[in-house]
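Two complexes follow with chain A in common, the first pairing it with chain B and the second with chain C.
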Partner chain A sequence: MRREGSPFRGLSTVFVKELADHLSSIRMLMLELLIVFTALAALYGAISSLRQNTAEDPFLLLRLFTIDKAPLPSFVAILGFLIPLMAIGLGFDAINSEHNRRTLSRILAQPIYRDALLMGKFLAALATIGISLAALWLLVIGLGLIFLGVPPGGEEIARSMVFLVVAIFYAGVWLSLAMLLSIVFRSPATAALVSLGIWLFLAVLWPMLAPALAQAIAPADPRYALLGLNDPATAIWTQELLRLSPNDLFGEAMLAVLSPTTRTLGPVFLDQLRGAVMGSPLPFGESVMIAWPQTVGLIAGTIVLFAFGYVLFQRQEVRA
Partner chain B sequence: MRNQSTDSRGTAPDPVIAARGLTRRYGATAVVDGIDFDIARGEVFGLLGPNGAGKTTTILMMLGLTEISSGEVSVLGFNPAREPLKVKQRVGYLPDAVGFYDHLTAAENLAYTAKLMGLARAERARRIEAALARVGLAEVASKRVATFSRGMRQRLGLAEIIVKRAEIAILDEPTSGLDPQATQEFLGLIGELKAEGITVLLSSHMLDQVQRICDRVALFQGGRIVLMGAVPELAVKVLGAGFVVEVEADGLGIARRLAMIPGVTQVDTLGVDRFRMTAERDVRPDAARAVVTVGGDLRRLSIDEPSLEAIYARHFQIRPRGDVRHAA
Partner chain C sequence: MRALDAARLAFALVLLSPAAHAAEAAHDIKGLYLMTDYPAVTVRPGTTTNISLRLQNYGLAPQRYQLSVAGVPSGWTATLLGGGQPVGAAMPAPDGSVALQLRLDVPAGNDLAPHTLTVKAEGQGTTAELPVAVSLAKELPAKLSVKSSLPSLRGSPKSNFDYTLSIKNDSGRNLVASFAAEAPVNFETSFTEAYGTQELSSIPIDAGQSKDIKLKVRPPTTIDAGHFPVKVTVKAEDASASTELALDIVGQPQLQISGRDGLLSARAVAGKQSSIPIVVTNSGTAPAENITLAGTAPSGWKVTFEPATIERLVPGKDGEVQALITPSDKSLAGDYQATIRATSRGENASGQFRITVGTSTVWGMAGAGVIGVALLLMLGAVARFGRR
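Our next item is the complex of A and B:
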């Protein structure tokens, strides 16, 4: 039998309240300051190196996102590292804090379903991240205008908009994970530690472990080693394993979209390059097609993790 | 909205809550084990019993906040498992140790739940102001809840029920952790709800407080209702008699005379001029008349009202083990 009434009743109320809470919280302010300052440092490095050779790059604005100047990584790499932190910071105490404050049963005694509470919290946190990223995006374009003095072209804007959308879904994966853990663990500290642990593992340890695992699964053929080449089987395994991490998916998608010369994200055989004009940029649509599987992977991850949390939350006991 | 409450199940608006064989199991343990009860419109009904006896679980099943393993419950004619929104629209709930968002003010906290109730802006402001004034929190309406005492939070929770204009108010352990004065004030507020015709269901383990305001009580133990009814009825059933009257008077043959009063089941002689009568009703007028008839001097006439605590103690003394189960 179906339950009566809409699961979305009260969704906008929860959304507005949670959004207001996030935007006015000190935690959010700290996260924003952290991201803005690191991003500014990366941008400064990029701008100073771009000013030295502004030769004939048709995608000058996009170079702002991707260029790195040692010791600083590029703007996109920094975001790939910090967006998860922001999402975890907004999601790790979403549900368990309601339990601990003993507000959960009072709120759920109002005429709404649990769906509205969970969805409202998720969308509010995602909107908060979206607002911050959009502000950051405008900052990059503004700084580009001021310091490089080149107006951005339509394609550059389109490509950087794709960056924004993919970044929001990347945040969605981590937000879903953090909220799932906030449902599983009654203590916010435990949920935060576990999410940060997973983040560190995937961001720092996994890129080192994946090649080692690939070696174990598909040992390199010594004939390739004699020729000084990588075994394609090992390389493919490495890449497939790396792609289990959302960080890698985000990185690959950004590479395809923000560096228009990127033709493929996997290993390339020489015959595949026959007829290609090396170094010439791909059209916008083609770049998006290259980034599409990675983007879908991020969206799917968001949905799957959210669905897990949803099922657990529906079955959870309300009483403290 | 109103005509929906008299649907298939509810031929009359009473009873407002009806439970039949209501059961909640966790694995093999039954936390609530096949309970039946009816609650009439406008009465104050007490769910009493030790912690872990199944009171809160029963309440959560009535609100559709936890699954019902078997049996059924109807609240205002609705099935809480299938139509929880209709039930929750009409029923106010004050959880055990209620919590609020500490960084919001009292009025903001109420505004959030009032929005979830679906009230329009103007209506919301009006109702919140009136409700806060009624529970005596009008002057702290714009203070953060973080500074509130336990008693104030409890009253704020009641204000939420008033804002909702609930037909049924369910209060879980409303007076636990309150100081005597706050308890008195809170019980007074519950009395006001009753006077307005709101049905009140409250759970408690503080028997003496509840006795004063409940029309009927249900005593829980191990997930079952072991006793149910009005306190004087239960006293007759469990203690054998409801009233204990002590008489201090002298005069010839008083004891025999007192024993002849209809309704008196027993007369004990405590001293030369002191007697204790056990009776099914308040026999003080008859006792006074009896003393006067034999020409004695009446010095004292006192009555012990039946106490729920005595009933409870006696009941579990009679059957202390056996059907005692441990709720998880």
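Our next item is the complex of A and C:
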């Protein structure tokens, strides 16, 4: 049966309702507290090490994001680890809880299409994450102003804005995945467990497995090992395998955008460096160009996973 | 004639000086004598001359002697000085003497007639007088001379011109000679010791001796080719000498290289040829011929020039060539350094250019295409699976 009218009718209603639910929920509060406190600890470490190191740096604000002080990882690394948790927390029970509470058929009895319901839930969760990330971003800039006393330049603001956008799409990938699993599994606990399993696998195990797999696919040439060098073929395979994980894509994109001296993300041959002026920052546009493939991966991953979930949801029986 | 006798006696006394003290008592001389070493002198009109006198008393009781000068021509000024100030009388002790000086101010004029001035010392009953013959001469023998063995040197505006000057003191006294050089404006001149680096403005020279000094002239580097005179003047008291030196400066081309508007940076895309305008300027003083251009760039890069040579560049003009730079398609995004040189017969200039390599936007478009495909997939799903 064909649909009549716009598929997005009722989208705003669902969006506002879901957003209000998220923002007032205890779960969201706990997730936010977790992220804010760990991020604050990382920031405190970064600020204290920056204040001891008074070397001149044209991108002092960006150093706040990337500098780490043992035992804490840097702000960006912590976000790379915790953003998936937040996205999974908001998305793992999006659809199956409606099933279990028997409210899905009631909602769909209203003049609201399934498209609008799914899209509204997705956008509301993404907006919630976006709001907390924006608040965190403002917190970083504010703390930088208070403790470092250096006003951020236009390029620093632009680069950290790119950070914000990429982080939101990174969250989008995990949110799409969590919602997909909430459509597939009727039990929220199963969906949560599976998505957390995937998250742990990609964040913790995959960085260890990828080099081993690369060694198996392209064994290192012993001649390179004799010279104490890495086999470029193995290095390229390792990197390609690592890039299957959104965590790695986010990390690489952040490296390119937040460390302006990064010139490439792949392996570098020595003759590419001959005559290169080291240590000079890249123009903003060039850094964005380097981070662009990773960003594309995150954006396309978000859309494809969402589309997959959408197809499954459309084909699902909701009245049971 | 008595005074003359006394002068002879004084001369004899000087010759016999080792035995003078013993001999003095033996001579039976008594009286008052006014003496000078040189009773006939030559002076130049327009100058002041001092003549040393001595009032000698042999065995007379001390008394006051009135001093005067007679026979002073009109216009001249004759002053008797004692102890540095004008005096009118003197009082020598028995067997003692008083040193006096006769200062003559001779006015400038053409009258070269000789004059005789008489200096008198009059006491009670005793009188001494001394005629001094003064003849006038326009030119006196040189007291100071300066010579240069190589008075004319040739070189480029960048070279140093070193002249060795020898200064000879022909006057009878030890002198301190000071020197000055008169060179065209903006030329730097300095005097140094012949074998030393210390700069000098004057040098003491013993009577009859000569000393070598070195004059170093540095022309401004922007000077045009030409012939430039330098005049060196040496002065010591009332004597002076001068000599003429010359610099022959030949022109030289001087190249400078930069981008248009002085820019030393350019943009290029990896694997693609981009042209950078290069400006070669001749800021020297002679035309530069046949300037060839070459470039050193990172490995895998191609650098050519269009045109590859500049035939002739006259001073003060600039020529523009296009450097066609193709970064290797494997070069990373960011800054690379390339050196571009212009060479013209020994004169060369080089400039370091910073070339910012950008990645091709093709991949950016491809990424946007991937997102577009994902969106189309989504729209297709919405269209295909959309239901009530």
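The working rule: the second predicted complex is superposed on the first by the 318 of 320 C-alpha atoms of A that agree within 3 Å, B and C clash if a C-alpha of one lies under 4 Å from a C-alpha of the other, contacts with A are read in each partner's own complex, and residues count from 1 in each chain.
Quick note on the criterion: a residue touches a chain if its C-beta (ideal position, glycine included) is under 8 Å from a C-beta of that chain, and two chains touch if they have at least 3 such contacts.
Since the model is a prediction, treat every value here as computed from it, not as a measurement.
> May I ask you to decide whether A:Arg101 touches chain B, chain C, both, or neither, giving the answer as first, second, both or neither?
After superposition on chain A, A:Arg101 lies in contact with chain B alone.
> After lining up the shared chain so the two structures overlap, which partner does A:Asn230 touch, if you call chain B first and chain C second: first, second, both or neither?
neither
> Of the two partner chains, chain B (first) and chain C (second), which one does A:Arg319 touch, if any: first, second, both, or neither?
So A:Arg319 only meets chain B here.
> Name the chain, either chain B or chain C, that contacts more residues of chain A.
Of chain B and chain C, C contacts more residues of chain A.
> Give one of first, second, both or neither to describe whether A:Tyr113 is in contact with chain B, with chain C, with both, or with none.
So A:Tyr113 meets both chain B and chain C here.
> Kindly classify A:Ser48 by the partners it touches after superposition: chain B alone (first), chain C alone (second), both, or neither?
In the superposed model, A:Ser48 contacts neither chain B nor chain C.
> Just chain B (first), just chain C (second), both, or neither: which does A:Gly10 touch?
Touch status of A:Gly10: first partner only.
> Quick check for you: in the superposed arrangement, does A:Pro293 touch first (chain B), second (chain C), both or neither?
The second partner, chain C, only.
> Intersection of chain A residues contacting chain B with those contacting chain C?
1, 3-4, 113
> For chain A, which residues are in contact with chain C within the complex?
Of all residues in chain A, those touching chain C are 1-4, 7, 113-115, 263-264, 268-269, 271-277, 280, 282-283, 285-286, 289-290, 292-293, 295-296, 299-300, 303-304, 306-307, 310-311, 314-315.
> Which of the residues in chain B end up touching chain A in this complex?
56-57, 60, 63, 65-66, 82-86, 88-89, 91-103, 112-113, 115-118, 157, 160
> Going by the contact rule at the top, pick out the chain A residues touching chain B in the complex.
It is residues 1, 3-5, 9-10, 13-14, 17, 21, 101-103, 105-113, 317-320 of chain A that touch chain B.
> Touching chain A in the complex: which residues of chain C?
297-301, 328, 330-338, 354, 356, 358-359, 361, 363-364, 367-368, 370-371, 373-375, 377-378, 381-382, 385-388
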